[in-house]
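Mind having a look at this structure? Questions to follow.
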Amino acid sequence: MNIKKYIYNVIQPAEKGSIISKIFDLFIMAFILFSVASVFIMTFPVSAKTIRLMSRIEEWSLIIFSVEYLLRIWTADYLFPNDGKIKSRLKYMVSGMALIDLIAILPFFLPMFLPVNLVGIRAFRLIRLLRIFKLHRYTAALASIGEVFKKKSQEILVSIFFVSILLVISSLLIYYAEHDAQPKQFSNAFSGLWWAVATLTTVGYGDIYPVTVLGRILGTVIALMGIGMVAVPTGILSAGFVEYLEQKQSDTKETDKEEEKKYCPHCGKKL
Amino acid sequence: MNIKKYIYNVIQPAEKGSIISKIFDLFIMAFILFSVASVFIMTFPVSAKTIRLMSRIEEWSLIIFSVEYLLRIWTADYLFPNDGKIKSRLKYMVSGMALIDLIAILPFFLPMFLPVNLVGIRAFRLIRLLRIFKLHRYTAALASIGEVFKKKSQEILVSIFFVSILLVISSLLIYYAEHDAQPKQFSNAFSGLWWAVATLTTVGYGDIYPVTVLGRILGTVIALMGIGMVAVPTGILSAGFVEYLEQKQSDTKETDKEEEKKYCPHCGKKL
Amino acid sequence: MNIKKYIYNVIQPAEKGSIISKIFDLFIMAFILFSVASVFIMTFPVSAKTIRLMSRIEEWSLIIFSVEYLLRIWTADYLFPNDGKIKSRLKYMVSGMALIDLIAILPFFLPMFLPVNLVGIRAFRLIRLLRIFKLHRYTAALASIGEVFKKKSQEILVSIFFVSILLVISSLLIYYAEHDAQPKQFSNAFSGLWWAVATLTTVGYGDIYPVTVLGRILGTVIALMGIGMVAVPTGILSAGFVEYLEQKQSDTKETDKEEEKKYCPHCGKKL
Amino acid sequence: MNIKKYIYNVIQPAEKGSIISKIFDLFIMAFILFSVASVFIMTFPVSAKTIRLMSRIEEWSLIIFSVEYLLRIWTADYLFPNDGKIKSRLKYMVSGMALIDLIAILPFFLPMFLPVNLVGIRAFRLIRLLRIFKLHRYTAALASIGEVFKKKSQEILVSIFFVSILLVISSLLIYYAEHDAQPKQFSNAFSGLWWAVATLTTVGYGDIYPVTVLGRILGTVIALMGIGMVAVPTGILSAGFVEYLEQKQSDTKETDKEEEKKYCPHCGKKL
């Protein structure tokens, strides 16, 4: 086995008990967690020494992730053996996982061109943990959730559309109902929008709420609609999951039936 | 093609790539968004110049929407070609979409007769966006949600009835439990009702809450019932969506079966 | 028709367009609403005159409801024509609706014996509105909800049992985590229980919440479990409603199939 | 019947109306409730006398539960009559119920070795109540909930994984959006995490919330995602319960069918 094939086997998630591949996975995983932890630590009033250490960890993470990204592109022709050298690599580069990898290392290269601080983006690296966990056990579960969201995307979009309109109407109505009584809290229609979001999602922080009779009647109606806002998407997704399971079961049954039950095993006649 | 037919094709949502119809849609959509945005902007302490600009936009929106409304009525005989000149137009005028159009332009004509400020009603114009989006992709999704709500309307009404009674009973009980301890917060039974709404919908702003032992026991029972208040309608709608999907599937199957099982296997005659 | 039969027809919910029966329904409905409204009004700081008026309304309500209750018992032998004079009346008296009627008039007779103020009980009269609405349209919907709750009562009870244990465990753990940091807010384990209820039901008033690191970790775990607390009963009820619908459909189908599809209509042979 | 067999029958949950077994159950139940109640009472500023009484109750509870635990192990060979003397006892000791029993008496023995105060663990004894209630009625309901959680464990784990990532990303983004405006409330990324938990679970205590425009836009997006966080697991569990019921029904049907359809209609031979 040549060196390229060997690297390919190591960087793919460990499956058949290859110890080096497993160590590599744990190593990458540790750096992902270090890198995210360092973002959390940096938000505390830490000493200059800690800041230097955290920066060092981040630099090393970026170097490791960049090397890993390049290695994955280099060995992509093993992943898609039927495509050409360039096509297989391009195919890999536009895949979901490769794009997440790219986002994870982008803050390393961006500051060279842009003066922005994209430190929040590092948290996206956590999604990369999925790669390490995924192939072992959860593909079916992930696929089912993804499939249901895809199949119900129209219903979900329609729900979001209605919710948006409901939010806009609610925010204007509550603004006109409450502005005179609470000019500071309901200073403009966007305050009303913030209240409508907190109420319709039933979060209810309590930083802003109606005090007038009209405002409370509106609040009652909107809070009760908030239940519908949970009930409708939940109902849609529930039905989606039921449908998905039944589709899968009927697929299995159809195949079983077609193969087994067509002929009598004794006389050979069609049943 | 005469001018009327041409106008009809333009004002109907663009389907077959007619560029003028598409421009018309975008034009109307822009004015709907402008008109709603202007209501939001007017709630800020803006300069007199901005107010004049916003009023101008609103005036133009109303003129455009009014002309569009009249054109739609004028060309309604193309929409219902089987009905007479008057019948087709009346049929259009009482359709849901036409009524929303009418509500959207009403504030233009009402102030002539009434001194009210119906500025909140402008947000209803957002529903009109539905017309522009709808025919392209979401009819099936909309139909399914509408169908489920219609089929489950009895269960939903019964739930609303029980929730209303629960709200009234809760508000009285909490008032008697808390009035003496918090005479300011629970000043009358309507304060109790406002608390009951915030608790049963699990919004919980925190502007009003029980502090006595009896009040907190009541609060515990009512908050736990709040879970039922989400679970029951969600369960009803879930079952509704499952039923809807199965109905659709079995309809397809029935048609298949009917074609297959039309003949008696013994005599070969049609059943 | 004798007077008893006539009264029976009047006090039963109007079905076939009998105007007097309808007027009687509206009359009772009005007094139920008056009676509940008067409880709400009495919680305001009203004048002595209003108090007298409200008391008068309540007295009349009680007299009317008592007379109605006695008339219903008197005519109960028409409701259960197959039972004897006494048995039919006892049967009626222990029925759900008759018991609600009795509860509605109890505060009238109780003060003679007990010094309690049972004014909150008047709100139960609202349940009586059900009688007036029910027979017209909603029996099937009510039956379906009742049936699902009955069939799933074991699962619901098991859920309530686990929730109770979860509440007790959470309340003790949060008390020990937060008592030292907030001795006033978390003064004893019942404060912890009140916090646990507000968190698990996702109400979250904000009158009491953890501030220590340990307390917030606990709060995070318990708040996430709160999602399960909504998801599990909702899932149980959803499945219950789906099951109920399928049971009903398969009952209808079975009957249809058995009757229609047993024999070929042409040759008379069994299919 | 020897004394060991007799003890075994007494300590097993009462089934066939044995009065002594029932009294034993009630006796254990009372001590469980006493023991948990004493933990609650001890959190109040009680007199030294009450503390002594509570300690006495706890000591007696521990002695009783320890004796009961030993008796259960001693008689475990009746529970698993097919296994050997040692194997049957080990089998019992690692069963779920025996482990809960052990946890319930652990605080008695631990302080001898460790200086910790594990008083919160006493609440776990409540789970023991399950043993007393369970065998009578709720086994099927418990089994169904357990089965659904087991079957959907992958989907639930995937959901928890995504929620964790969402929490981490949200907490970093809100920290960067709000830190400058509210340096005290959003002092570090963990404050952001606490806010993200309260928002995504829709608890919304109101102790911490965004005030900047960017923070509120983030808050809106995250609060709306909170609906998905309820809808997805609810949908998964709903489908799980529907699947469980259908599986059970089809199992019954299959058995019916197998008996009916065992023979070929042409040759009469068994298939």
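All chains are identified by letter, namely A, B, C and D, in their written order; residue positions are counted from 1 within each chain.
By our rule, a residue touches a chain if its C-beta (ideal position, glycine included) is under 8 Å from a C-beta of that chain, and two chains touch if they have at least 3 such contacts.
No experiment lies behind these values; they were computed from the predicted model shown.
*Asks:* Looking at CA centres, what chain is most distant from subunit B?
*Replies:* Between subunit B and every other chain, the largest centroid distance is to D.
*Asks:* Averaged over CA atoms, how far is the centre of subunit A from the centre of subunit C? Could you give it in whole Å?
*Replies:* 41
*Asks:* Nearest whole angstrom, what separates the Cα centre of subunit B from the Cα centre of subunit C?
*Replies:* Here subunit B and subunit C have centroids separated by 29 Å.
*Asks:* Tell me, which residues of subunit A touch at least two other chains?
*Replies:* 190, 198, 202-206, 230, 234-235, 238, 242
*Asks:* Among line, ring, star, complete and other, which one matches the pattern of chain touches?
*Replies:* complete
*Asks:* Can you list the residues on subunit D that touch subunit A in the complex?
*Replies:* Spelled out, the residues of subunit D in touch with subunit A are 154-155, 157-159, 161, 164-165, 168-169, 172-173, 175-176, 179, 188-190, 192, 198-199, 202-206, 209, 213, 216, 219-220, 223-224, 226-228, 230-232, 234-236, 238-239, 242-243, 264-267, 269, 271.
*Asks:* What part of subunit C is in contact with subunit B in the complex they form?
*Replies:* Residues 36, 39-40, 43-44, 119-120, 122-124, 126-127, 129-130, 133, 137-138, 140-142, 144-145, 148, 163, 190, 193-194, 197-198, 201-207, 229-230, 233-234, 237-238, 240-242, 244-245, 264-267, 269, 271.
*Asks:* Show me the residue ranges of subunit C that touch subunit A in the complex, using the header's touch definition.
*Replies:* Per the touch definition, subunit C meets subunit A at residues 202, 204-206, 234-235, 238, 242.
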